[in-house]
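Next, two complexes with subunit A in common: one pairs it with subunit B, the other with subunit C.
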Partner chain A sequence: MSLIATLARLEAVATGRAQPAATVRHRHLSDRPLVFVPLTTAGETGAPLGALVGTDRDAPRLLVVPQPRDRDQRFAFLAELADIVLPHLDSCAEAVETAERTDTDPETGKRVKVEVDLCVDAPQIVVPSRAGLDLVRLLGRSMRFRRTAEQEPETPYPAPPRVPLLGRWLTHYGERSRVPGSSLLLALTDVLSRHWATGQSMVEDQHLGALLAWIDPPEGESGAEAAARAERARDAAGQLLCPPAGPATDPAFDNKLLAPAIERYDRVRTALATAEDAPRAEDLLTALTAAEREIRDLVESRTRPTWDAVWRGLDLLRTLPEGGHVEERWTRDRWSFTAHRDRITAGEPPQPRRDDAVTAANKLAGREREQARLEAQEALDDPLVMAARRLAGEAFAGEVTEVVMAYSEGRRPSPRPLVTVRTEDRPHLGERAKVYRSLNGRAQTAEFAGYEGAPEDGVLVLRIMDKMGRGKEPEAGSVPEKGDAVCFTLFEHEQRGGAKLPDPEQTPWTHGGPPGEPVPEIPDAVTEEDVL
Partner chain B sequence: MTTVDFDPGAAATRATDAILADTLHGTERGVVVDSPPGAGKSTLVVRAALELAGAGRPLMVVAQTNAQVDDLVLRLAEKDPDLPVGRLHSSDTDAYDKALDALPGVRTSARAGDLGGLPVVLSTAAKWAHVKVDEPWRHAIVDEAYQMRSDSLLAVAGLFERALFVGDPGQLDPFSTVGGDQWAGLSYDPSASAVTTLLAHNPGLPQHRLPVSWRLPASAAPLVSAAFYPYTPFRSGTGHGERRLAFAVPSDGSGPDRVIDEAAESGWGLLELPARHTPRTDPEAVRAVAAVVRRLLDRGGAAFSERAETPAPLTADRVAVGTAHRDQAAAVRAALAELGVVGVTVDTANRLQGREYDVTVVLHPLSGRPDATAFHLETGRLCVLASRHRHACIVVCRAGVSCLLDEYPSTEPVQLGTLVKFPDGWEANHAVLAHLAEHRVPYQP
Partner chain C sequence: MDKAALAGALGAPSDYGQSQFALIRGNTFEARVKADGGAELLRLTHTLLDPAAEPPAGAAVPDLSAPGPEGRTARTALALREAVTAGGWTLLDHPMLALDVAGSPAFLEPDAVVVHPDGGWTVVEIKSFPMLDGSADPAKVGAAARQAAVYVLALEAVAARLSPPPAVRHEVLLVCPKDFSNLATARAVDVRAQRAVTARQLARLTRVETIAEELPEGTCFDPERPAGELTAAVDAVPATYAPECLSSCELAFHCRERSRAADAVTRLGRPLRAELGSLGTVQEVLSAARGESGDPADPVVAALRRAAALRAEALAEAADREAVPCP
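Right after this comes the complex of A and B.
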């Protein structure tokens, strides 16, 4: 944690209110995000209990699995989920613009510009917390290898149509969310804690209710009190007033309310299956509907507060103006969405269970680049973030006190003006260190030429190296002038592309050699547990 | 411990001969050499390169940083000034050490094509990754292979047919700035070390070990060996008493002077400040580090060693300060500047890897911390900091670190399929602290 983040947290404790950790919004927020508030059942990995899902904050769709261990019901739930999520994803798949991309020409091997479609917008999905992200990945993994009756008519227990497709999309969104700065799939607690520093630990920030309590405490209450209430306060029946944002539920809810309700439901269902006469069956059917209704109400009562909290959190985020580079990063998300749309249209198989060596290395390198890009862009977009970098000695701001024209040696001397900057920051500048400042959105490089006087005086001389045009005299406005306020960073603003890795077929011997002919991944085998 | 039957020179020669035999005449595509701190890893790399080149087998050398590459080029040129050597470098300004320009046998270029046909070409892994070849090199030497990431090896492995991998398994593991948990347990996990991936796919490769540390004195080798290399012990190349530190100016009785005397006597010293939670750049600890360095230089130190008949004066370039974080290093540099000390290296563990000094002063990674994170517990970090010295190591630390360790047992999740590294940082930290406690000098700044 940076020093300024620690200070902000201390200040939050002292004032009883979360302190801003950013002055602009660093993530893209869609006008019409799809909010997904899932719950799972204790004791079985990834068994959904229900969910609230939708794009209309006043009219969420409630999906419930009355008996979470019943695989038929689970598939019905997933099919219903696909019916809601896939149209939302499709809504952005049609509208495209033409964009240019550099590609390798397969015949000549040269890098050429090609015109391709780029979706003008991409659908955004928001889940309440990081655990929600994991569930999205898990659901994606459990669905994408399923086969529908259409694909394999002979196989028993076919998945409903569209379920494997939803699995592929959720897998893509889950993977994309691992890319720093991406906004296709957001965990609200992560985004909120990026923008506000609370007076509690980072682990506690994963509780959406407590986090919101710190950021926006009710009138007359401190954040700490409100957070404690959100975490612990229970009603007369022993139930949490603010149910956890899930997907896990509170054990008291499981034991006292959910388990008895499911048991009632099971009893009626068993009875119905063995009912011998019609009037009796009629009665039991009514009872079954009532039992199911009861579970639906229970699930809604636990998801609705979270649903409302998510929208409240989104409202809070919308009060911040969008950061300057957010749009650019969102364009990358649109590329990612478009690429996956194209893969599906082209009939490519689902994402493999495990990445091969080359894909894994490419993903890691890409994410490291995005991480560096994100850190630089956030600092450039936001003076508060830059302040943290300045405190850490990775940037400095100051006033230009003198500019002396100088030229490089050589046959065609180019301008290399010496700029003296007085700063109160303490940058960790090595000899001839490179520093950068943003000049009309592009990074201008300068070289640290030395201190004037003692380093503690904070007067340093920089030699401007580029972005001054081709002429002998620098272009107007390209060199800072006396009295200008300037901010230089020690980190680069743009990220260089990494080296190209070999194709997967060329995997070297150190990494297991070529993978051989690709075989289509077989679907997960049906186990005994799958057909209780 | 007895050194009667142990001839370090002979043991080291036997190991080196076996390595060179496997490299030059072996049938396997790779040879792996584990080298403890100061065991002559660079010497081995230079010798292997010279022998391969001498046998008419051109080779490429992959190191991890430009400084390491430049250092190898200088050593090669020193051993054989007539050998044509290529230094492939990036197109940045100051891409390589300008001292190379003065060497007649060395050709430098930013383009691999310019260096074709030379018997030895050296560069960093990052630069090699951009090189394309029609015909792969028959041989390669990969230096600091344990600090190289698996994905970095993936990018260059297509350039050579067979390779000698040399490195120190006890130093810092490579790291990534983003999480790579999703690949943990895969044999080719891109964030793992190159050697881990190499051996996972090629378990039959011959593995060698250099048995003698020429850098670490007899007072340090047993501790470093036991704490960081419990299953692959090594010995010191020198015996007790062969290395000695003496100071012309007697102690003034202050904490820094007492800890200097303790370290001169025993090879280790712990200057313990009162327990307290502090920010990373703990001003008192930083000033204590600076004070120790100032006194080290002021007291006219002389280092007696097996290298020379006459003692070498303990000058600023023979002293280094090691820290865990860059801001700590910056704070120490500022404090040293205030005391008028110039020329002492101050750097983080990452940057001190592979370097050697007579005396090191270490700001303990856990000093003053309220918690013990995986970063601060990392075995390699402490190992690097505790194994840079030829004579003595002085650790500056707040009291209470062993309690801190007990309160924070390591909680990293165990990943299926990953090799659990021994010892873990927790155990290694305890081992080192227990030893340092015997050389403790309490100090109230």
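Right after this comes the complex of A and C.
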């Protein structure tokens, strides 16, 4: 953490309110995000207990699993979830624009431009916290290898029709969320703490209620007080006033409210299964509905506050103007969405359990590249981020004090003007180090030519190298003038891809050798006993 | 000492508590793994840790019940010795071990200990978090490994009293549910690093008597005592709160309040504290950053002032930009 972020946190402590950690919004926010607030059952792996989901903040859909250990009920939950999420995904899959992409021609091996479809917009999913991201990934993993009765009539316990498809999409979204700067699937606590520094530690920032309390405390209350209340306050019955954003529930809720309710439900259900006469069954059915209703109310009471908090957080984020490069990064998300749409239409199998060596290396290289891109773009978009880079000696800002025209040596001399900059920053410049500044959105390169006087005086001479046109005289506006305020960075603005990796068939033996013929992944073994 | 009760009496109750769903599931899974005389567990130990040995069939499962923790510890030590002499496979279900922590004995109860035919001992940890596609949550595996390392140390103490001392294996067996099922799968986890760290930490721990000597006469941590007196008693024990405490100590909320009252910066995170040199409180840092205090020759103070200036400049720039919207 940079000293600037540290100061922001300490100021937040002193003022009792979160302080800005960014002056623009660095993530794309869709006009119609799908908010997903899930709850799980403690102890069982990825066993959903319920969820609020939807795109309309006033009308969320409540999904509940009254007995989380019942396979049929879990399937019913997932099928319902698929019926909400998949139409939302489909709504963006149709509208496309034509875009150009450079591809390698399979016959000639040359790089050629091809026209491909690119979805105009991509659906965005928002979960409350980082644990929610993990659950999306886990749900994806638990569903994508399931077999439906249509795919395999013999399969024991077939999954409802669209569940495996939902699994593949959730897996894709979960994987994409690991790419720095991507916005297809957002964890609200991550995004909020990117933009505001609170007066608590990063561990405590994971609590959505406490985080919001710092950013937007209620009238007449300090962030610290409001956060403490959100985190700890309990009612007379010992229940948290602000339920955790999940997906894990508070143990006190599990033990005192949920467990008895589920027990009542189970009891009525068992009685109903053995009921012999019709009037008795009628009564029990009413009792079952009531018991189910009770669990629904419990689940809603724990998810609704989080649901409202998520929308409030989104409102707060919308008050920030969007950063200049956010649109560009969102286009990458649209590419990612379109590519997965195409993979599904082409009938490709679900994502494998383990990536082969080449795919895994490509993914890692991609994430590293995106991380570098994100860091550069955030700095260019946001003076507060740039300030941290300047403090770290990775950039410098100052005033141009002199410009001397000079030319390169060679047959056709090109302009290489020498620009003297006075700065108070202390950049870590090596001899002939390359520095970059943004010129109408493109990076102009300059070379460090040396200090004028002692390095402590902060007067340095730069030789501008490019973006001055083809003529002998530099184009107007392409060279800074005396008195201009300039900001140069030591890091590159655009990221170049690394060395190309071999095709999977060429994987060297050091990395496990060629993966061989792809074998279809077998579904997870199902046990007869219906415990996860 | 019951720290949870103490925290409750101090007015900052801990949030520890386990959902009964998780508890039931954990117990069911453990029972499943140990069912049938621990056949499945021994099979996993044999395949993963000791494939050269004879296959375990009809392993001995001695009865370890005895009155009191001391009695159970003695019974466990005896059973271990007998198992080594008898040879063959032995499974010790919930043995009791004692470990000297800062001068006072702590009783530990591993899920199981397996004695191999060659006389070696293996600690078995049964956890209810899943091993998904062959990998589990690294944080949870790390915690399990640290826990198992403590058991290894305690077993080593028992082994040292036998002659010849049997080998305590440094690879423990971690048993978890496989994927989304309730079937067991396992991995050998090497705990040498964790064992070394724990051994070093235990050796460096301030002894309880030393801490007790520094406390004022008559200090008492009885949760029944009045809150004011109790707070003073707890405050007499030095402690430096950091956010990491929240996940490991019942008294963390109390210490956090105390840290907040003292305006200490460590409560915002240890890395943050590390940057600030000798400045320990929020007010000190902020006033140094504003130029009201501190020695400008101190590199930390100089860096703080530079950071404050850059931050103010950037915020002013952003405010200007908002006032005059870009064309």
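Annotations for the structure displayed:
One rule holds in what follows: the second predicted complex is superposed on the first by the 527 of 532 C-alpha atoms of A that agree within 3 Å, B and C clash if a C-alpha of one lies under 4 Å from a C-alpha of the other, contacts with A are read in each partner's own complex, and residues count from 1 in each chain.
Keep in mind that, in the parts below, a residue touches a chain if its C-beta (ideal position, glycine included) is under 8 Å from a C-beta of that chain, and two chains touch if they have at least 3 such contacts.
From a predicted model like this one, the values you see are computed outputs, not experimental measurements.
In the overlay built on the shared chain, the residue A:178 is in contact with subunit B alone; subunit C does not reach it.
Once chain A of one complex is fitted onto chain A of the other, the partner contacts of A:321 are limited to subunit C, with no touch recorded for subunit B. Set against each other, subunit B and subunit C touch different numbers of residues in subunit A, with C touching more. Contacts of A:41 after superposition on the shared chain: subunit C is touched, whereas subunit B is not.
In the superposition on chain A, contact is made by A:361 with subunit B only, not with subunit C. Applying the stated contact rule after C-alpha superposition, one finds that A:428 touches subunit B and leaves subunit C untouched.
After overlaying the two complexes on the shared chain, residue contacts for A:142 are found with subunit C alone; subunit B is out of touch.
In the superposition on chain A, contact of A:203 is made with subunit C only, not with subunit B. Contact with neither subunit B nor subunit C is seen for A:80 once the two complexes are overlaid on the shared chain.
In the superposition on chain A, contact of A:225 is made with neither subunit B nor subunit C.
On subunit A, the surface patch touched by subunit B in one complex and by subunit C in the other comprises residues 3, 354. Looking at the complex, you find that subunit A touches subunit C at residues 1-4, 6-11, 13-14, 20, 23-24, 41-46, 138, 141-142, 199-204, 224, 232, 249-252, 254-255, 259, 321, 353-354, 382-384, 386-388, 390-391, 524-527, 529, 531-532. Within the complex, the subunit A residues that touch subunit B are 3, 178, 180, 354-358, 360-361, 363-365, 367-368, 370-372, 392-393, 426, 428, 432, 455, 498-499, 501-502, 506-513. By the touch criterion given at the top, residues 15, 17-26, 28, 128-130, 132-134, 177, 179-183, 243-244, 246-247, 253, 260, 265, 267-269, 271-272, 275-276, 282-283, 285-286, 289, 303-304, 306-308, 310-311, 313-315, 317-318, 321-322 of subunit C touch subunit A in their complex.
Within the complex, the subunit B residues that touch subunit A are 29-30, 94, 126, 129-130, 150-151, 153-155, 157-158, 176-180, 182-183, 186-191, 194, 197-198, 201-202, 279, 326-327, 330, 334, 337.
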